[in-house]
Amino acid sequence: MLDLARFATELWIARWAVAQGLGMTILISTLAIVLGSLLGIGIGLVLVYGGWIARFIVRLYVDFVRGTPVFVLVLASFYLLSGIGIQLTAFQAGLFALTIFCSTHVGENLRGSLLSLPRGQMEAGKAIGLTFPQVFAYILAPQALRQALPAWVNTATEMVKASTLLSIIGVVELLLVTREIISRNFLSLEFYFFAGLLYFLIDYAIERAGKFVERRVALPT
Amino acid sequence: MGYTLNFGAVWRDFDLLLSGLALGLGLAIVSILIGCVIGLAAAFATISNRVWLRRIAGAYVTAIRNTPILVLILFTYFALPQLGVRIGKIESFILTLAVYAGAYLTEVFRGALLALPGGLREAGLAIGLTERQTKIWIIIPVMWRNALPALSNNFISLFKDTSLAAAIAVPELTFYARQINVNTFRVVETWLIASLLYVAACYIIAFGLRQVERRLAIPR
Amino acid sequence: MAQPVLKIENLHKKFKEVEVLKGVDLSLQTGDVVSIIGSSGSGKTTLLRCVNLLEEFHEGRILIEDDEVGYLSGPPRRRRKEAEIARQRAMTGMVFQQFNLFPHMSALRNVTLGLTKVKKLPLDEAVAIAEKWLARVGLSDRRDHYPGQLSGGQQQRVAIARAVAMNPKVMLFDEVTSALDPELVNEVLNVVKGLADDGMTMLLVTHEMKFAFEVSDRVVFMNQGRIEEEGPPEELFRAPKSQRLAEFLKNAKF
């Protein structure tokens, strides 16, 4: 039933493929997190400080994306963009979908953090004569970013998990590699478990890194 | 660009999409019900006095929350037969989703339990109820109300996760959308409508749940 | 007669449809210490916040040494540009009820921020000024502490240093001891009194009647958006002319 010896041998045979899949997973996740966060910061800023038209449009965008399952976003990206003439590889389409998904989470987090800051902070900044960009840069942003950090770490782990969906559109990341291996040696239990374990370790590493950063930037009390 | 919108092709199969949506909803409901049972039990386990219970519940939650749901779905569907368990697609998906939901609900219920005033349990014991009766008649009903908002959020997330059933060919909304897309090549229309269906469903569910929350809220 | 440092002329402010300031006139010479007293809703805090344009006003003028604050009366009346308003705000210093220190900066940095970013002073000069004022409020040894590590009274003293280090023409104090535990109130009041003795022009909104009596050159009693009585503390407190003021003082147990 559970043949560990055979699993070990098969894993050794497939080690290069697994490493490549793992590398691709990390690459996609990292790109999606970085691009998504950059876009997300813009979204958050518009939602808090934008004029009502901009806020309305961005709000529509955010609500639409968040109401749609990630899986549908990935599939839609993949089929849609080639359908209307934009030629994208599966990798690019998948990355596009994940970036959009990530941006809405980051945007909402940032909005929440900025709005949770006491009004007095803005007033105190104004009272000493700082202009709005200065108040934002020196006073609001540092506090909001500190506050948004835990949620951002959570979003990062969500992106790693979402990267598995790209296997369905043929991106050769860890899950797809796992399925290919299983199709050859039928060790479903062992290899799915192994893949799960790898994802768990990646997420765990991200969480630990996040906690470390949180401790480092925490204000002394 | 040379792409003209033609919703007719999708409209013809709209009933398929709706049936898929209904199935997705059904899957979500069943899964969350089972998930609630698991989550409630695990939540009590995390605050129990017995260390081993706390450890097991904690491990369950950490393991599931850090594993991609697609891996869990495939694991359940393909790996269980290897252990001799024969199980259909839909059952396997519900099982996976319930276990997945259970891990998140554990945290929800745990939070709600910890937010309860400490004296509640003691008040129950003081009027002569057993531990078990106190749990059933006093703690759970109050905790339930606290947990409703987070529960609603989790349900909506779960409903969106039912789209992954398409990965093992369960005929829910995404599965049909993909089929229609491949058959008709009407990419924009298909995915736009599929998206809108999900978004609309989420809004309606969210609205409905908010009404429920309001009705069930303890008057203050 | 010398030109007043702060002149408020016929100030009107509406909040939605309700007028909360109904034509206020007030004038401060250099070195004047004026306390504004009155019940909640009288408009005293709103008046103070108009001076540094944290609140908008739709009619009237506020002048700081002949410079029109916030709006140019024209005609037509138009709002100044944001950069100008920021510059004008630097001419006043405000101390808030809730302190509003920047929690992510040390006490020293809280004070030097305005000096470096608004007055554009070089860092060593800013630090020297900041250290002087922190010493003045009795917190030299806390310069590297963060607000989270300071008591309420200490935080408020840093807030005072932060405002006064900018060398403002007028200092604005908005009920600065109301949020403090009773035993911490005196350390702050002593600092404020010290500043008054040094000749700082100050406008205070306060509930501390005894303090207002001791430190003010003039006291202003506001009621329902208007100044009802104004005069030296002895007159106002000992011989109130208006009945409402008499009642207010009775309730305030002065």
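Lettered A, B and C in written order, each chain numbered from 1.
Heads up, the rule we're going with is that contacts are C-beta pairs under 8 Å (C-beta built on N, C-alpha and C of every residue); 3 or more make two chains touch, one makes a residue touch a chain.
Computed from a predicted structure; not experimentally measured.
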Path length in the contact graph (subunit B to subunit C, fewest steps): 2
Most widely separated chain from subunit A, with each centre as the mean of CA atoms: C
Central subunit by CA centre of mass proxy: A
Higher-contact pair (C-beta pairs counted), A-B versus A-C: A-B
Separation of mean Cα positions, subunit C and subunit B [Å, integer]: 55
Inter-chain centre distance, subunit A versus subunit B - centres from mean C-alpha coordinates, in Å: 21
Centre-of-Cα separation between subunit C and subunit A, whole angstrom: 47
Parts of subunit C lying in touch with subunit A, wherever the complex brings them together: 52, 54, 82-83, 86-94, 96, 98, 100-104, 113-114, 117-118, 145-146, 148-149, 159, 162-163, 166
Complex interface listing, subunit A residues touching subunit B: 1, 63-64, 67-72, 75-76, 79-80, 82-85, 157, 160-165, 167-168, 175, 179, 182, 186, 188-189, 192-193, 195-196, 199-200, 203-204, 207
Subunit A residues within the subunit C interface of the complex: 118, 120-121, 123-132, 134, 138-139, 142-143, 146, 219-221
Touching residues on subunit B, where the partner in the complex is subunit A: 1-3, 63, 66-72, 74-75, 78-79, 81-84, 160-164, 166-167, 174, 177-178, 181, 185, 187-188, 190-191, 194-195, 198-200, 202-203
